[in-house]
Amino acid sequence: MEGRFRSHNRAMIVLFTDFGPAGPYSGQMKAVLHKDAPGVPVIDLMSDAPACDPMAAAYLLAALAPAFDAGTVFLGVVDPGVGGVRAPVMVEAGGRWFVGPDNGLFAIAARREEEEAKWWEITWRPGSDWPDDLARVIYVDHFGNAVTGLRAETLAPGTVLEAAGARFGQRRTFSDAADGEAFWYENADGLAEIAVNRGRADAALGLALGAAIEVHAPPAR
Amino acid sequence: MEGRFRSHNRAMIVLFTDFGPAGPYSGQMKAVLHKDAPGVPVIDLMSDAPACDPMAAAYLLAALAPAFDAGTVFLGVVDPGVGGVRAPVMVEAGGRWFVGPDNGLFAIAARREEEEAKWWEITWRPGSDWPDDLARVIYVDHFGNAVTGLRAETLAPGTVLEAAGARFGQRRTFSDAADGEAFWYENADGLAEIAVNRGRADAALGLALGAAIEVHAPPAR
Amino acid sequence: MEGRFRSHNRAMIVLFTDFGPAGPYSGQMKAVLHKDAPGVPVIDLMSDAPACDPMAAAYLLAALAPAFDAGTVFLGVVDPGVGGVRAPVMVEAGGRWFVGPDNGLFAIAARREEEEAKWWEITWRPGSDWPDDLARVIYVDHFGNAVTGLRAETLAPGTVLEAAGARFGQRRTFSDAADGEAFWYENADGLAEIAVNRGRADAALGLALGAAIEVHAPPAR
């Protein structure tokens, strides 16, 4: 409940959208917030969440949210049904609040909290086929690193990941890999991330959003 | 005068520029504003306004501004004459303030207010060839939708738009169109926007900033 | 010491990173700052500093920093050694504070102050091969202009710059150049910048980050 970003009794509104870094949509939303919640800091956490892909986005948000303290309000907008009649939903999970479309975007963040999350205005339920961890690339960052929906803590030491026909061993950090070496590591948000030391994993390995990941458990001894 | 973004007695500064989402120019402008107007919220409405195209930008700004309440200050910077000797201008229209280059950027927002706008330091006057609505693509958003300079309220029901050799009927919203169907609809800012349901209009239709739009009125009955 | 962005007794935190304009990293950093330094304005000065290139970034930051007043805190993150064991460093130079990786990022900003900068936790020293001015393209902006690491005040009137096989004379500003003409001029930060009037220098001239610049002094009379 006490996240890395402690609250000191101050609320915070965190934006998690696929609006893109430019364009008017983020600004219009911030204008409303600065008026209706004057003085409350509004943070652009992501404006390039997986576009129109609430499933990938759900695993990404679930990895990012725990660092924020109780009381934080996440406004999430990732929705293929733009302009359609989608019920909004409000979820309280782990003391954090999530507001956005009722399409599963908050399902994983809610599932990972010990106490049961409270949902208001639910009309959508996560299908039973949404796994606890998603074996796909759910984000490619500015440096070309491919973030997966797999929490590193769920992977046994020695696990090898396979994607786009290549296999990657684990390194603790970039500086443990040789120049140009491809590997996976646990990123700062706890997710398995495929990277190339001093290179771009997306270009070098042909990895893009949605690419399937295969998990090869270490051989039993 | 009472916009969607009501002021609650709080001023707001809104940036509308072609500076791009990264780069130092927005940050340098915000640094000045946070110093000279401490505590006043500064909102990045657009950092990707039509680059060096004050005419297209004027129609876009005119569509976005009415949602903001009286007292809002828009800082607009879209200017092909970078670094030249361009007089700055300050305009008051509909209770909102516009500050920026005297190149027509605020002409359409001012023209659309009932009461006459007040201009200070005018040296430029909109040419008589700037229409009330602009039949061009004035913005392509992050999702590939092509926003036109035509206010939807000026188009009769049944109007067909033509662009890049294709014709588009009107739909109320995305979910009224079939998957992959191209159509136009009235966007949240009141403008006619060409879109493809679950697709990118820019790629699918070859639409880019500046593309000409032809308006086909519905046949008389 | 009294920069263009005067402080009026208010602190300001300025971010200078290569995190990119989208993605979660900037937002996560801002979340921490809004919690640990509530009420202090946080400005995104650059999120597209030269990626993983502290040398180019050092000359860019040194050109941007003097406009900010004493008391400003710059958080700089440009580092090829992501995740490695790099000591953080804190530097006070000209009354401004710089916090970030100990890899030379702040070396040029510190060197250009008259009084000696104070460093804490130094383990890295700028190599003697870092010149006072860098004859390379250190940034390509949103408009395609190529910013060099050369302070214009160090170039004699009549200096011709050469890059990518072409030579450029100096103009005072864009409007002094013919349409389509390539030239260099002193930009608002005091750096020599190569531009094309109403065009993109990057595309027209083949200029990219890191391109070498040759300086041709004017002939002696």
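Quick notes on this one:
Each chain gets a letter, A, B and C, in the order it is written, and its residues are counted from 1.
Operating definition for what follows: a contact is a pair of C-beta atoms (placed from the backbone, for glycine too) under 8 Å apart; a residue touches a chain by one contact, two chains touch by 3 or more.
Treat the numbers as computed from the prediction; the structure is a model and nothing was measured.
Two copies of one chain, chain A and chain C, form a contact in which under half of the residue numbers belong to both partners. Superposition on CA atoms relates chain B and chain C by a rotation of 120 degrees, given as a multiple of 5.
Centre-to-centre, using mean CA coordinates, chain A is 32 Å away from chain C.
Taken residue by residue, chain B touches two or more other chains at 20-22, whereas all remaining positions touch fewer. Contact residues of chain C toward chain A in the complex are 18-28, 30-32, 34-35, 38, 51-52, 80-85.
The touching residues of chain C, counted against chain B in their complex, run 4-8, 10, 12, 14-15, 20-22, 41, 43-48, 64, 67-69, 139, 141-143, 173-175, 185, 189, 198.
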